[in-house]
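Labels for the chains are A, B, C, D, E and F, by order of writing; each one numbers its residues from 1.
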Amino acid sequence: MKMIIAYIQPEKLSDVKQALYAAEVFKLSVTNALGCGQQKGYTETYRGVDIEVNLLKKVRLEIAVNDDYVQPTINAIVKGARTGSIGDGKILVMPLEQTIRIRTGETGAVAIG
Amino acid sequence: MKMIIAYIQPEKLSDVKQALYAAEVFKLSVTNALGCGQQKGYTETYRGVDIEVNLLKKVRLEIAVNDDYVQPTINAIVKGARTGSIGDGKILVMPLEQTIRIRTGETGAVAIG
Amino acid sequence: MKMIIAYIQPEKLSDVKQALYAAEVFKLSVTNALGCGQQKGYTETYRGVDIEVNLLKKVRLEIAVNDDYVQPTINAIVKGARTGSIGDGKILVMPLEQTIRIRTGETGAVAIG
Amino acid sequence: MSAKIPLLALLVVLGLSVPAGAQEAPEPGLAEVAETLQDNMNILWTCVAAFMVFFMQAGFAMVETGFTRAKNAVNILMKNAMDFSVGTLAFFFVGFGLMFGLNDSGWVGTDLFALRGQEGGTWIWTFLIFQTVFAATAATIVSGAMAERTKFVSYLVYSVFITLLIYPIFGSWAWGNLLLGDNKAWLADLGFLDFAGSTVVHSIGGWLALAGALVLGPRLGKYGPDGRPRAIMGHSLPLAALGVFILWFGWFGFNPGSTTVAGGDMGYIAVTTNLAAAAGAVVSMIVAWIIFKKPDASMTLNGALAGLVAITAGCDGVSAIGAAVIGGMGGVLVVLSVSFIDRVLKVDDPVGAVSVHGVCGAWGTLAVGLFNTESGLFYGGGLGQLGIQALGVGAGFLWAFGLGLVLFYVIKKTIGLRVSADEELRGLDVGEHGMEAYNGFQVFTTT
Amino acid sequence: MSAKIPLLALLVVLGLSVPAGAQEAPEPGLAEVAETLQDNMNILWTCVAAFMVFFMQAGFAMVETGFTRAKNAVNILMKNAMDFSVGTLAFFFVGFGLMFGLNDSGWVGTDLFALRGQEGGTWIWTFLIFQTVFAATAATIVSGAMAERTKFVSYLVYSVFITLLIYPIFGSWAWGNLLLGDNKAWLADLGFLDFAGSTVVHSIGGWLALAGALVLGPRLGKYGPDGRPRAIMGHSLPLAALGVFILWFGWFGFNPGSTTVAGGDMGYIAVTTNLAAAAGAVVSMIVAWIIFKKPDASMTLNGALAGLVAITAGCDGVSAIGAAVIGGMGGVLVVLSVSFIDRVLKVDDPVGAVSVHGVCGAWGTLAVGLFNTESGLFYGGGLGQLGIQALGVGAGFLWAFGLGLVLFYVIKKTIGLRVSADEELRGLDVGEHGMEAYNGFQVFTTT
Amino acid sequence: MSAKIPLLALLVVLGLSVPAGAQEAPEPGLAEVAETLQDNMNILWTCVAAFMVFFMQAGFAMVETGFTRAKNAVNILMKNAMDFSVGTLAFFFVGFGLMFGLNDSGWVGTDLFALRGQEGGTWIWTFLIFQTVFAATAATIVSGAMAERTKFVSYLVYSVFITLLIYPIFGSWAWGNLLLGDNKAWLADLGFLDFAGSTVVHSIGGWLALAGALVLGPRLGKYGPDGRPRAIMGHSLPLAALGVFILWFGWFGFNPGSTTVAGGDMGYIAVTTNLAAAAGAVVSMIVAWIIFKKPDASMTLNGALAGLVAITAGCDGVSAIGAAVIGGMGGVLVVLSVSFIDRVLKVDDPVGAVSVHGVCGAWGTLAVGLFNTESGLFYGGGLGQLGIQALGVGAGFLWAFGLGLVLFYVIKKTIGLRVSADEELRGLDVGEHGMEAYNGFQVFTTT
């Protein structure tokens, strides 16, 4: 099992969700994050003083999937999030050793979906 | 060492914390998240237009523990969060290679607690 | 590749960011979290009723790096965040198997930076 | 402007009805002209005061919203908006007549429903708008005490009854002769003094709130298994503070406006009102500081309101120093009362409405019997006034709390008073109104 | 106070100009004194009413901010602050003269620009401040309908034009004879009745808003590929509700203030205004409840405003019951109109300004032809008044919507009307003003 | 209403004291009746104006809360609530007497403490409430400049002193003869003109704010190691904007109310006030746009206030165009001053109180010497008036800034002025009041 973490542009969330549904990935968690990457920031000014804003608003997805779902999931995220311009985001894949569904106590592959 | 990630219903947080204390797990981190799982969403309406809300409010726990604490921690979370109804949440266990306590620079098992 | 997660005091964020830049770590993600560690909480009172606040505001950093960057990154975080007093925070290192840059589809080491 | 103005023109300027065959009409005398001018001035002031009291609705809405959780904000706002709207209609068609209509019994008015046949009048309509906003004030007090768990439709039903029956009938006992001077009004006829409504408006609302909160039961998680109260913090102190400032502002219409006469004592009443509010805020902060070790903002805000409620009955008849003392005592009472209701009675009143309006309203009414410079005990007036005040306070409690218990119990048994536990946990905004108050914000709903 | 006061002193007390050689001056007569007192009273009330109407700017700002997204809050606030500020200057230097200056044609005023030579006067300045806040009300209506996508500088240009030309010229047709009684004003001369401006202020603003939203196009993501409307929720219902309470409060200056006479019918007009607002809120809630299965808070809030807009034209001439009916109908119309514009016309009006001000303003103006107790159809007045009202409504639509299309189209083709898609996604606060409204808060910007 | 009214009745209607043996009492003459009516009207207007000025407290609270960080919101709200409450009491018992009591020296009043023996009066109480809210305005200005780092208890001590001593004594120099016409008042006797208090209220508050911010030092993180200022953004622009609208509204009580006479110039003063505010907002936006490349919302909001402060001294005596110029200049000054204080003086004033109230107050006072249509330099009045104005401005600065330095320094050395660095980082809400302003919301506290 793998844990897939993806950072995407906030406004892309609904597209990504649709792409994931199409790939039959229904379960995921979303948090919002501030990100600093290749994408350049912008300057705000407040009462005449400049502020370098280099932490940009991003949405963070966390998706636990079985191994055979890894590639489809990645493809779906890319499909939904890519615009080709800087800031599109990043996908990170990490090993996942165990999953437990709290309600039933089921574990492993069955618990994931 | 393992990293235990758990998604629970927000209102269950205090119960889970108590269960964890009982299991002598004192250190954890909490963030709030939006989750999409088996639990069905609900529809809001705004000015006459429907909105399918399928991202539900969840609380995300992150707990780094030594191996011998993994099972007790999982049990405690289940104990605190289970209601038996859909939406109870999920526990995910991942490998953790290193821990450093910033204050002292201690690393590994001692740094975790 | 490793995933480095760090919990630090909120007010230390800018120092840590500077230290990371100095170590040529430019990409990171930030979320805010509530943390419960050795640091004692404090009591609030509301309308005469006490509240034990034991979840303190923390900032969570997530940094994906190549193996040779792990130590420099850790050092930078410690350098920026340490005050020597309880609550300084913690760094957690986890294995990272894959990275994909959404924009280009690049994967692995090149995608990380 | 020429010194010579045809008298007809003058009559028109002053809005006097021009008598038929005006040519032969007698010239209006100084007395008539003067009275007309003063009447216009009184209409002006009474209207402006009414508008300021209306604005208190915004104050209540902000206080109650700020002192409750974000997940129930839309619901509490809707309740505030609707109890005023529903109340306006109910009071116009029925309540006003019961309160101020022809009243030979002293117990209830019998005409003036929907002000039929009064189209020509000017004062009576001014009086109606002024009394409407007072009625709505009593009504809206309750929403705060019943916040975060009451079914929306049940609240609507309640708010019809209070403005239709409960408030106006009691009102007729104390104020029933304000419009028609020959009306009987048993409490007023006994000499009961409640100038601007510490009892008539605030205690009535406060005791109804107590009944409601009692029948309803506490919010989930308010009391631990051991029965110890838990704090459920409001989600926006800035909104709550704004609300208190708005209420304080509106009170300058509430008290000085109750003269319904421009000039004269307006300024004096404004001073007593303001001193009492200030003293209430300062004293409550100090008391809270001593007891809880911190200057609790929510208590201090309640303290200002406590001072205002307390001085409402006596604002016209006590000395400035007396006003400060009355307000300060209100500040003490509200802190103790909030804790008492919370810990001992274990009644869950999220915003402290019972303490502020019920308890301090009673205190303020009694205080007239002590501080009134003519009939008060401390000014050699003996116990007479105090006794009558106590009678009025008691009558108000029995009437409002008693009827409240019945009303809420009947609602509970019929359409139901409380939302489901599940809905309460997720928040009434989603459950009752299908929307969130703060879309886009990440709000913890762990409590 | 001695009964003997030297007459000169009296003259001064009343602010009368002391004639030269005052010693021989004739004693001021009762008529003169009475008129002076009433004049002072009228100045007092008209000023206070103007201040209350000014405060409606805060109401509009809060409603529009609350009903839009957090990422555009600074921008909408700036637009509200600036349309008033720019409008104040434009109306003072030009608009007021076009609307109330000497007018022989009945189509436009020709003097009084910047009130030159009026320094001595008292009433005219009172009248100016009152009319200024009315003009600014019309101007600020538009910002809501064009929210979240309009370039800031383009909006500034628009707001100059409306207060400089569009509003005052139409105003001169209906109200051009309010200051100078001998002025021609073609609509007024026909007998068109719009007491406080359902058409003159609200519809004009509403139709301009329609033109603007139309030329501008919907917000990104408002309509799905299939053309079905998507909900874009406002970010703060509490601010929106506060705004509605403020507007309701201000309307008590707007309608009763339009008498510009203290006393008399003030109270009556306050009652009709309040009944209409309450009925609008209640009815719109019920209608929304039936159609959408939930008591939608945003619709209910719009409903109160709909009732207020609808009664504005007839508040002085309809019965109290009539007022409630007119307001209630407004509550029905606003719900249907919002859905119609959203789903059928597919015009994106984030706050419902077109429905509230345009549609309900038109309804309220027509309603005078039905409910006016003297000339209304339902009171045996026949179709005459209704026809004239319809004419005024039509003229208002053609003038405002027509000119609006031209104005916004020209702006679009020159400086551009809309921000870039990229800026719209990130939010206008950062793009236009380089700052965020809620620094420190985590706000989802996924829509 | 019959044309014949017994004269006694009339006397009562007008609230005149009925002379003993009234039967033989002389009929009240026209002059007496007229004056009584005008007096009532003046009481009415002065009270309403006072209520509007009171409401400015809500405006200040919202502006200061919005322009500071969420973690200090409860604290700033408490400071605003308490400086008014404490100030009300201090001014009633002592301040009012020092300012308006019997004054033979021209330097300080000596009676009327707690208005003893004035129970019967009407005007004096009206005057008291009006002056109380003015005093509180001066007091509350300071909280903004000292926000986010001042100990709560120390702030309470300060706010006693300003309303007890600092404000009233200076006030007695410029306004000491307003109540008792025979009083000496050295500045006023020299011909110093400050109609509604650009100096007396605003500059005094502003210079105290400067002293406080100076003694206190900047917030942690405000200046980088290199000494370059860092931006610390406010947490809620919507609240700040609401606050400015409320202040603008309240200013219509502040300036036109300072006539304390109903009718007459009220309207004119409202116009000059409004033009100056609008010009201030527009000009400051433009200046900020040019300098910072963006129309900065916080600067524009400050600009409106700058215009209001600047016109306060001269609102009654300058031309409408002059008012716009004075306000516009205020808009320029505030932007430059904020940057100057921030970058050059390196004094940390989170809300710009010193620039808005201190600097623009001084400018507005001097502007009277330039623009006053009778004595101003630009109207051929020569340099005399300007010199006297400059003297008043200088006296105000020396008095307020000087005493302020002493006061805050003494506080610093005794009870301490500033919270611990640790508390400052975590926020004063938790540290001082043990609660959070936005419970449930995720707020970044990284700065």
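Following the convention adopted for this analysis, a residue touches a chain if its C-beta (ideal position, glycine included) is under 8 Å from a C-beta of that chain, and two chains touch if they have at least 3 such contacts.
This is a predicted model, so every value here is computed, not measured.
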- prompt: In the chain contact graph, what is the shortest path length, in steps, from subunit B to subunit F?
  reply: 2
- request: Can you give the shortest number of steps from subunit A to subunit E, where adjacent chains in the path must touch?
  value: 1
- prompt: Chains shared as neighbours by subunit C and subunit D?
  reply: B, F
Identified repeat of the A-E interface (over half of residue pairs identical), from C-D, B-E or C-F: C-F
- prompt: Taking each chain's centre as the mean of its CA atoms, how far is subunit B from subunit D in angstrom?
  reply: 47
Message: Nearest whole angstrom, what separates the Cα centre of subunit A from the Cα centre of subunit F?
response: 52
- prompt: Distance from the CA centroid of subunit A to that of subunit C, rounded to the nearest Å?
  reply: 18
- request: Name the residues of subunit F that each touch 2 or more other chains.
  value: 30, 37, 41, 44, 48, 233-234, 236, 242, 292-294, 296, 298, 434-436, 438, 441-442, 444-445, 447
- line: Where subunit C touches two or more other chains simultaneously, the residues are 31-32, 44-46, 94-95
Query: Mind giving me all the chain pairs that touch?
result: A-B, A-C, A-E, A-F, B-C, B-D, B-E, C-D, C-F, D-E, D-F, E-F
Message: Taking the touch rule as given, give the residues of subunit F at its contact with subunit C in the complex, in rising order.
response: 221, 425, 430, 434-436, 442, 444-447
Field: Residues of subunit C touching subunit F in the complex
entry: 10-11, 13-14, 32, 42-46, 57, 59
- line: As the complex stands, subunit D meets subunit F at residues 26, 28-32, 34-38, 41, 44-45, 48, 52, 69-70, 233-238, 241-242, 244-246, 248-249, 252-253, 256, 261-268, 270-271, 274-275, 277-279, 281-282, 285, 292-298, 300-301, 304, 319-321, 324, 373, 438, 441-445, 447
Task: Can you check the complex and tell me which residues of subunit B touch subunit C?
output: 3, 17, 26-31, 62, 64, 94-103, 105, 111
Statement: Counting only contacts in the complex, subunit B reaches subunit A at residues 2, 5-8, 31-38, 55, 58, 60, 74, 77-78, 81-95
